[in-house]
Structures are given as C-alpha cells and as structure tokens.
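Next, two complexes with chain A in common: one pairs it with chain B, the other with chain C.
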Partner chain A sequence: MDYATLLQVLDSTVRLATPLLLACLAGLFSERAGIFDIGLEGKMLMAAMLSAAVAYVSGSVWLGLLAGVGASMLLAALHGLASITFRGNQLISGVAINFLAAGLSVLIAQDWFSQGGRTPSLMAGARFEPITLPFADAMAGVPVIGPVYQQLISGHTLPVYLAFLCVPLTWWVLYRTRFGLRLRAVGENPAAVDTAGISVVGLRYAAVMICGLLCGIAGAYLATALQAGFIKDMTAGRGYIALAALIFAKWRPWYALGACLLFGFLQAIALRFQSIDLGGITIPVQVMDALPYILTVVILAGFVGRAIPPRAGGEPYVKER
Partner chain B sequence: MTITQKLLGAAAALALSAGAALADPALIFDLGGKFDKSFNEAAFNGAKRWAEETGGSFNEIELSSEAQREQALRRFAEAGFNPVITMGFAMADPLSAVAPDYPDTKFAAIDVTWLDLPNVRQVGFAEHEGSYLVGMLAAMASKSNTIGFIGGMDIPLIRHFGCGYAQGAKAVNPDITIIANMTGTTPAAWNDPVKGSELTQAQISQGADVIYAAAGGTGVGVLQSAADAGILSIGVDSNQNHLHPGKVLTSMLKRVDVAVYDAMKAGTDMETGVFIMGLADDGVGYALDDNNASLISAEMKAAVDSARASIIAGDLKVASYYENDSCPALNF
Partner chain C sequence: MGKMPNWADAVLVPIISLLLAALLSALVILAIGEDPLAALQLMVKGALGSSYGWGYTLYYTTNFIFTGLAVAVAFHARLFNIGGEGQAMLGGLGVALACLYIPWPHWALALLGATATAAVLGALWALLPAYLQARRGSHIVITTIMFNFIASALLNYLLVNVMRPKGSMDPATAKFPEPTHLPTLHDMLAPLGIAFSKSAPANISLVIAVLACAAVWVLIWRTRLGYEIRAFGHSEPAAHYAGINATRITVITMLISGGLAGMMAINTTMGEAERLVLNSVEGAGFIGIAVALMGRSHPAGVLLAALLFGFLYQGGAELALWTNIPRELIVVIQALVILFTGALDNMVRMPLERLFTPRKPGIKKG
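Now for the complex of A and B:
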C-alpha cells in the first residue's frame, strides 16, 4: 500500500467513522445516565428521512438539519417517556423505536413524495458541501504533511468536523462539569443523587435528549452530506455498530473516538481491497465486515480488559416503594 | 330453512363463484421494493402498462423479509389469482414448495430458469449480452483506461453482469483495467447507498472514470457519487439516464417490464417453460435518449450496434458466467 492509497483509505475512514462517532457519543450520554439505548439506529433513520425531505422542500440544508434533529429528539423523548416516566423496559422501548422508525420513515416519504419511500435527489444548497480549510491548496506542495492536510484533514463536510469536536466536548462535559458528574452518578447510583436533592428524572431526560440531538446530526449527515437523499433502511445497521463501538470503548469518550475510527478503518479497508491476500492466506471480505462485532465480543468476554457498563444501566429508578 | 338462511346461502354461493371467476394477475416484488428505480420498478411499469391498456386490475405485494416469500405466494394462489408473477432469483425455493400444491394456478418467475415445474413460466435474461454492449461503451468513453463495476449482493447473477461487461470492455481495448467490487453478501447490500458511494470513491481514486452499477438501490449512491465527482456512470435494469442528465453514460436495460407485461397479457393462457430473453427479442439492450445523446458519439453507436448484430447472428459469443462459474475476462 503506497502513501497515496493509505491517505485515500484514511479519508474514507473519516467519512465512515463520522456517523458511528456521533451515534456512539449519543449512546454514551444516554447509557452513562443509566438509560440503555438500542434505538440509535431508528433515531438516525428518522433523522435521515426528515432532514432529506425538509432540505428538499425548503432548499436549505440547515432547515433539513433542524428537522432531522427535531425528529430524532422526538423519538428520544418517546424513549424517555417509556423508560424513565413509565419505567418500562429500556431494551424493548429501543427495539420498538427501531421498528417504528423503519416503517414510519418510508411511510411518510411515500406519502409526501410518492417515490416509493425515498426522497427526491437533493441539489446543491440543500446538501452539506465539502469545506476547504485555509491554506489547503498552498500546503499541498509540502512533502508528507501537505497531502495529509489537504486530503485528509481538509475537504470534509461540516458534520465531520462537528463530530470530531464533540469528542473533547463530551469529555469536558462528563468529567469537568457539575452536570457531567451528576450525569455519571445517576448512571451508577441514582439513589445517592436523589438523596443529594437532585432530580434523577430531570438528569436522565437531559441525557436522553442529548442522545437524540447527536443521533439527529448523524442521520442528517448520512442523508444530506454523504448522500443526496433518503433511501429506506439507509442506516444499514450503523446504529448497532455504534453500540458495539460504545462497548468496545468501555463508555469513555476518547476511547469511543478510537473505536469508531478503528471500525471505520476496517470498513474502509474492506471496501477498498475486498479480499485481502496475506502471503497465501486470503482473508475474505466478510471477515472484515464481521470484525467489529467479533472484537466487541472479545472485549465483552473480558480478554482485553473488562468492559463494565454503568451499574444502574437498564434499571428504571423507583424513588419510593 | 328460514328466508334469512336461504339468502345467506345464496350470497355465500355468489361470493364463492365471484372468487372463482376472479383471475386477476398478482405481482410479488422482491426485497428491493417497488420503486427501486431499477429491477422491481421495471416490473411495476410493465404491470401498469398492462392495466392501462386492458383496463384490468392486478394485486401486488412488496416483500419486507425473507419469511414472507412463501407466505405471499401461497396467499395469492389460495385467493385465486392467476397468474402469480414473482420477481428475483430468491423466489425459486418458495416456488418449488408452493407451485406443486396449486396445479391449476400458473406462476411466472422472473430471473429463475432452473426449476422443473409444469405450471411455472420461467423468464431469464441474457444480461451478459446487454452488459457486453455497455462494457464496450464504457471502454470507448474511458480516457483513463480504467473502468469500474460495482455489484450489489455477491451472487452468480451479478457476476454474470460483471462478466459480460468486462468482456465487452476488453473487446474494445484489451489492455483496459477493470476494477470490480461487490457491496456485500447479504440482502442489505441492495439498499446501502453510503457503501455504494464509498466504493465509487475508492474506484475513482484508483483511476476509474466510468463505473457500471448493478446494485439495486445501492446503485443510486454510485450514480450520485459519480455525478458529484464528474465521472460517468452506467445504470442498470430500468433506464436510469434521467437521474443525472449528461452524467450517466447509458443504462443496461433489462426489459423486465416486457416480461411482466407479456405474462399478464397472456393471463391464464400463459405458456409455461423456460424462456431466455436476449438481444434478439429486445429483452436486454442499452438506453439511448435525450439525456445521454451527447455522450454517445456516432462511432460508439455504430460499433455497439454492429456488435449487437453479430451477437444476434451468432457470430460473436459472449461467455456466460453460469457455464463454468468463472469469467474469462475478470476475476472476482
């Protein structure tokens, strides 16, 4: 693999890792507060559909993004209502949201545009355009670093930079603010938080809504930046890979960045090289596709350090019996 | 017996006879969905044309999971629909299970050619011949001497497409490089435009400047990325030239609409057996319309049309991937 190819694969990695990273951080907020969220996939799908539809109708990608985030937060609120207020099973609520989004997104798109559950192709202006960072072309001549800056760092769409900025931001919010401390506490021992006179329900809702916001950006990125429109089931399991990445990252923001980049890199390698020849042994492309899940199982089984979920995760908080 | 009972009995008899007289055709779309702008949409267009011309009506279902295949087939046969038309190779197994149970119902299976059932009309297409023609066009349009192929799910049928394409391209330019990729190995590969886009960009970075997508809904992403990057793409099954006017070189037409139309028109008198629609009976071909007229020069058209004539005449033989599960012009 020469240098130029490596750069292209890494460039592809960044594009593929972005939706994973946004969804993974979304899951991180929710699960750190003790609300498991299987519904990342559904929220992304719904956001993808509405962002594409509104961007097409209004001609503005910003209104599209807003609509996508709105739709995702609505589903997040539904998840919150079912699992926080009504103390339902969080896994079941999440699965229900996935089913709801898979059907509803196609239904709305079909009713709206009559194109078989897809949205019409977006024109320029209704999509996120690549951003060329300053000096990108001037730097191109510099050996080694120049191409990295020009091809790898510059030239992505806005949500990509947003996703990468979210990593330090998430770290700062979780570990350096009072809100973050309380959020983590509510996922470990909600009773203690409650004793201190802080609303468990309020904190958990806040976490779930942040989760909806980030999933909304991820969905809008799929439909209005990577693609030019919505197609049914276009998230294609990325929400589940993000969940796997979250476990792989042991519910930590910087690890999440690493896990998502690794999973994105595996996908990029699989797409670029298909079957890989390693001196006589051929690794079929399916192995690369399955690797994120295999790695997650390995982590869960405790071979490479234990992955311990937030202690109160999955359990609704009951104040008094 | 009271009058009510008599009336009810009469009504029931009437309903029964109405059910028996009902011999509307039914159409079962494959997992890609009715409006995939490709394979299934072509079938729908054929059915629509039949309905408009004859004033008849047909029933239809879009499958959403593997488990529904046999169920939908049995439901339609049970309800008296005749003929029942199925789309896609994956209906072969459900058909072998259901068709023998309904000997009076006729079935038409598109993309299935290997079953031994007396009441099934099996329609296959010579996709390799149509792909051969678009492969020639791709090689003539390419300036970088590198062209690409992106398949959907990795199945022999899709390799069959790619194989014809590679042979056509090599016939024009023996030194041409052909990059072939498959999107995946599960049915999800038909609906993953994001992956289609990434594959397109990977092929572009390897020098490809014409890319042929035989990938259902995933192809929408391929055509989009190709148009964004300013290179040419080739659509499949339906005429996809209009999706990005001036940027889609051509489309490999697979006249599924004709096959469905013919089956519906014949109705219950439909002939059964195995039928292969090739270039000779316009079952496959390449699309030329206002959207791509400027991309296809007179020489390109002449070269392709002469190849078409010699394939029909039998002077030129395009090797089929099915013959020995390998392709002389391309390694997958």
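Now for the complex of A and C:
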C-alpha cells in the first residue's frame, strides 16, 4: 500500500468512525448512569430518516439536524419511561426501540415520498459540506505532513469535528464536573446517591436524554453528510458496533475514541479491498466484517484485560426496598 | 401492592398489552391515510380466508414456534437469548450439510437427520456465549448479539466462496436432492380427503414444532432439569444453596435454546427453499422475543402467540400487495408488542394490581 492509498484509507476511517464515536459516547453516558442501551441503532436510524426528510423538504441541513435529534430524543424518552419510570427490562426496551425505528422509518419515508422507503437525494444546502481548514491548500506542497493536513485533517464535514471534540468534552463532563461525578455514582451505587438527597430518576433521565442527543447527531450525520439521503436500514449494525466499541473501551471516553477509530479502520479496509493478501494467505472480506464483533467477544471473555460494566447497570432503582 | 389472581396475570395482562399495541397500530394506519378496519378485514381474508392463506400463516407460525420456544426456555433461567437469529442461521447450515452430503433413502430419515444436525449446530452457536456468561461473567445479551453478526459473516463467506455451485451467481447452495423434499400440508391432508392449497409452503415441520411445544412443557414442568432451570431463574443464590450448579444450568439451558432456534431451519431451508440461501431466517429469530414475551414463556402461550404473528406476517404481506401500507407495518406492530408486553409491562400491571387488591378499611397502604 503506497502513501496516497494509505491516506485515502485513513481519511475514510475518520469518516466511518464518526457515527460510531458519537453513538459510542451516547451509550457511554447512558450506561455510566446505569441504563443499558441496546437501542442506539434504532435511535440513529430514526434520526437519519427524519433529518434527511426534513432537510429535503426545507432545504436546510440545520432544520434536518434538529428534526433528527428530536426524533432520537423522543425514542430516548420512551426508553427512559420504560426503564426508569416503569422499571421495565432495559434490554427488552432497547430491542423494542430498534424494531420500532426499523419499521417506522421505512413506513414514514414511504408515506411521505413513495420511493420505496427512502428519501429523495439531498442537494447542496440540505447536506453538510466539507470544511477546508485554513492554509490547507497552501500546506499541500509540504512533503509528508502537507498531504496529511490537507486530506486527513482538513476537508471533513462539521459533525466529524464535532464528534472528535465530544471526546475531551465527555471526559471533562464525566471526571471534572459535579454532574459527572453524580452520573458515575448513580451507575455504581444509586442508593448512595439517593441518600445524599440527589434525584436518581432525574440524573438517569438526564443521561438517557444526552444519549438521545448524541445518537441524533450520529444519525443525521449518516443521512446528511456521509450519504445524501436516507435508505432503508442505513445504520447497518453501526449501533451494535458502537456498543462493541463501548465494551472494548471499558466505558472510558479516550479509549472509546481508540476503539471507534479501530473499528472505523476495519470498515474502511473492508470497503476498499475485497480480499487482503498477507504473504500467500488471503483474508476474505467477511473476516473484516466480523472482526469488530470477534474482538469484542475476545475482550468480553476477559483475555485482554477484563471489561467490567458499571455495577448498577441494567437494574431499575427502587426507592426504600 | 396486592397479588393478582393467576388468570389475570396469564390472560388479562397480555390481552390488554395486545389491545394497546393494536390501538397504536390502528393510529399508524390512520396516519398513513388508510382505513384500519378495512386493513384488518383484508388481513383476515388474506391470511385465514383460504387454504392458501392458511398455508402461509402456518408456515410462518412454524418458524415462530421454534424461535419463540428458544427465547422462552432461556427466559425460564432468566437468560435473554437475543441470538436466535444467528443460531437459526447455523441451523440452516446444519440442514444444508445433512441434505447435500448424505444420501438419504427417504424423506422421513432425512428429516430426522437434518433436524439433528440443525439442532446441534444451533446449540453449538449458543455454547460459547453460554460458557462466557457462566464462567467469565460476560453479558449473554451482548455476546449473542455479536454472534448474530459473526454468524451472518460466516454464512456469507460459506455461501459466496465455498458452497455455491460452480457457474452460479446466486449466493446459495445447490438444490437439495429429491429424497430430502418434505411433504407439504397438501400432501399430508390429501389422503384424508381434505383439499389444501398446493402452492403454500406449510409442511410437516409444523408437526415437529407442535411436538417441540409439548416437549418443552414436559421439560420445564415435569423434569428435574426443568425444575433446576426454573429455580435458577427465580433466584440464583437460592439455587446455589440447593446445590444447583450455575454453570451447568446456564450452559444446558442455552444449548436447548440454541438447538430449538436452529431447528427452525428445517421449515425454511428444507421445507420451503429446498436449498440454503442467504438471509433464510428473515428476522424470525427476533420475532421469537415478541412471541415468548407475549406467550408468557409458556409453550401453550408461545403456540398461540406464534399463530398470531404468523397471521400478522401473512396478513401484512397481503396488505403490502393490495394497499399503500408497506410490510414494515408488521415490524412496527412487533415492536409495539415487545414494548407493551416486555418493557412497559409494569405500566399495564400496576393499575391492574391496584384493581384486584381488596380495599381494607383502616389499614394504610404500605
């Protein structure tokens, strides 16, 4: 692989890692507060559909983003209602939300546009445009570093930069603010938080809604930046890969960045090469597809350091047992 | 909070949940601009109005019985097997291997053999998640989800690169040989003088599915193993105290669950397609979750819920054919059923419990 090809693969890694990263951080907020969320996929899908639909009708990508985030937060609120207020099974609620989104997104798109469950292609203005960073073209001539700056760092859409900014932001919120301390505490020992006079329900709803917000941006990115419009099942398991990345990162923001870049890289490789030759041994493309999941199982098996989820994860909190 | 009578728990709660799901689905149909009552009539006519419709309804029902039982058995041990999809894919592989590479003299023997290989491969696909849950504490929901994706990549590889006949563009195996073709309901009912549609795919697997229901009932409520599974599900520490081995129960329960999911393939792969195609499961593994929740994890309930979903599936296909309502409506209904019978169970249950609690004057509510 020569230098130019490598840069292209890395460039596509960044673009493919972005939705994973946003969804992964979304899951991080929710699960750190003790609410398991396997509905990341559904929230992204719903956001993708509605953002593309609204962006197409209004011609404004910002209104699209707003609609997508709204749809995702609505589903997040439903998840909160089921798993916090009614103390239902969080996993089952997540499964239900995934199916709800898979069905409703096609149903609505078909009803509005009658194009076989997809939205019409988005024109300029209804999509996020690439942003050229200052001096990008001037730097292009500089050997080695120039192309890296021009192709890899510059020229991405706004949500990409936003996603990468979210990593330090998430770290700061979780580890340097009072809200973050309480959020982590409510995922480990909600009874202690309750005893301190802080609302467990309020904190968990806040976490679930942040999760909805980030999933909404991820979904809108898929439909209005990575691609130009919504197609059926366009998330294609990204919500689950994000979940895998979250476990891989052991519920920590900086590691989440690493895990998402790794999984994004695997996707970029699988997209570019049909099969990879490694000195006589051919690796079929399906291995690349399955690798994130296999790696996660290996991590879960505890062979590469143990992944221990937040202690109160998945359990509804009952005041005064 | 008072206890409800058993009949209310077993019948009233699922029915109210179902009504809520139906009501919301009707609103969705209204929002599309179609008439919900006309849609229901069309569904009933399409799914139950002819032996052709029944043939498809029962074909789908067969799938959902297997996957519903798979989820239900795991629920009894408080394990959430979300990997029915992957286990059924591997079951399909088992059926294909048995049918393609063993020269069966008669379909009955082929059916027995293929059922066994399907169950074994499905069970094996559940083995590793079960072991990891029992010994390494990794959550079975996550591992079974991951195994679904791994199964789909594996099948994709095998069908595209290994099992595809030379010269074929289709990612599928060769057609199974004649002696492995299963009798359909048409063939089975003809000697009894009952005319049944020739083109509907329902086949003898339905009988096996119903037998599996009975077998699961015996297993769960009439055997020592079933007792251990239920005890483990009710309280792990209590089961441990009673000398029940947690690892053993987790692994055995998941093997049974995976085996049941895998057996679904005899219906789709051996009974209908007569070759292994990509995506032969078509989400039936996930519908098993809705079926098990709806059927309260009881084989009789699973049977009824599977019939309901079989009806919804076939009726939904008819709707997509004749109206502007896409097939995805069924996915929405399925989601609503899972939501109300599973996640929002307490929302239905709490007011009902209050209703059934006798009011005792003078005693404050606790």
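In this text, the second predicted complex is superposed on the first by the 320 of 321 C-alpha atoms of A that agree within 3 Å, B and C clash if a C-alpha of one lies under 4 Å from a C-alpha of the other, contacts with A are read in each partner's own complex, and residues count from 1 in each chain.
The criterion applied here is as follows: a contact is a pair of C-beta atoms (placed from the backbone, for glycine too) under 8 Å apart; a residue touches a chain by one contact, two chains touch by 3 or more.
Remember, it's a predicted structure, so these values are computed and weren't measured experimentally.
Trainee: Which term applies to chain B and chain C once both are placed on chain A by superposition, clash or fit?
Mentor: On the superposed model, which is not a single observed complex, chain B and chain C clash.
Trainee: Going by the contact rule stated at the top, is it chain B or chain C that touches a larger number of residues on chain A?
Mentor: After superposing on chain A, more of chain A is contacted by C.
Trainee: In the overlaid three-chain picture, which partner chain does A:Gln286 touch, first (chain B) or second (chain C), both, or neither?
Mentor: both
Trainee: Pick one for A:Ser12: touches chain B only (first), chain C only (second), both, or neither.
Mentor: A:Ser12: touches chain B, not chain C.
Trainee: Pick one for A:Pro168: touches chain B only (first), chain C only (second), both, or neither.
Mentor: In the superposition, A:Pro168 contacts neither chain B nor chain C.
Trainee: Now for A:Gly237: first (chain B), second (chain C), both, or neither, which partner does it touch?
Mentor: The answer is both, since A:Gly237 touches chain B and chain C.
Trainee: Let me test your reading of the model: by the given contact rule, A:Arg272 touches which partner, first (chain B), second (chain C), both or neither?
Mentor: First partner only.
Trainee: A:Gly202 contacts which: chain B (first), chain C (second), both, neither?
Mentor: In the superposed model, A:Gly202 contacts neither chain B nor chain C.
Trainee: Tell me the contact category for A:Gly117 with respect to chain B and chain C: first, second, both or neither.
Mentor: In the superposition, A:Gly117 contacts both chain B and chain C.
Trainee: After overlaying the two complexes on chain A, where does the chain B footprint on chain A coincide with the chain C footprint?
Mentor: In the superposed arrangement, which is not itself an observed complex, chain A uses residues 117, 237, 286, 289 for both chain B and chain C.
Trainee: Show which residues of chain A lie in contact with chain B when the two form their complex.
Mentor: 5, 8, 12, 15-16, 115-118, 121, 222, 226-229, 231-234, 236-237, 267-268, 271-272, 274, 285-286, 289
Trainee: Where on chain C is chain A touching in the complex?
Mentor: 28, 31-33, 80, 82, 128, 132, 136-139, 141-143, 145-147, 149-150, 153-154, 156-157, 160-161, 286, 289, 293, 324, 326, 328-336, 338-339, 342-347, 350
Trainee: Which residues of chain A touch chain C in their complex?
Mentor: Listed in rising order, the residues are 38, 78, 81-83, 86-93, 95-100, 102-104, 106-107, 110-111, 117, 237, 240, 243-244, 247, 284, 286-287, 289-290, 293-294, 296-297, 300-302, 307, 309.
Trainee: Given the complex with chain A, which residues does chain B contribute to the contact?
Mentor: So the residues of chain B touching chain A come out as 33-36, 41, 181-182, 184-185, 188, 191-195, 197-199, 201-202, 205, 217, 220-221, 224, 228, 243.
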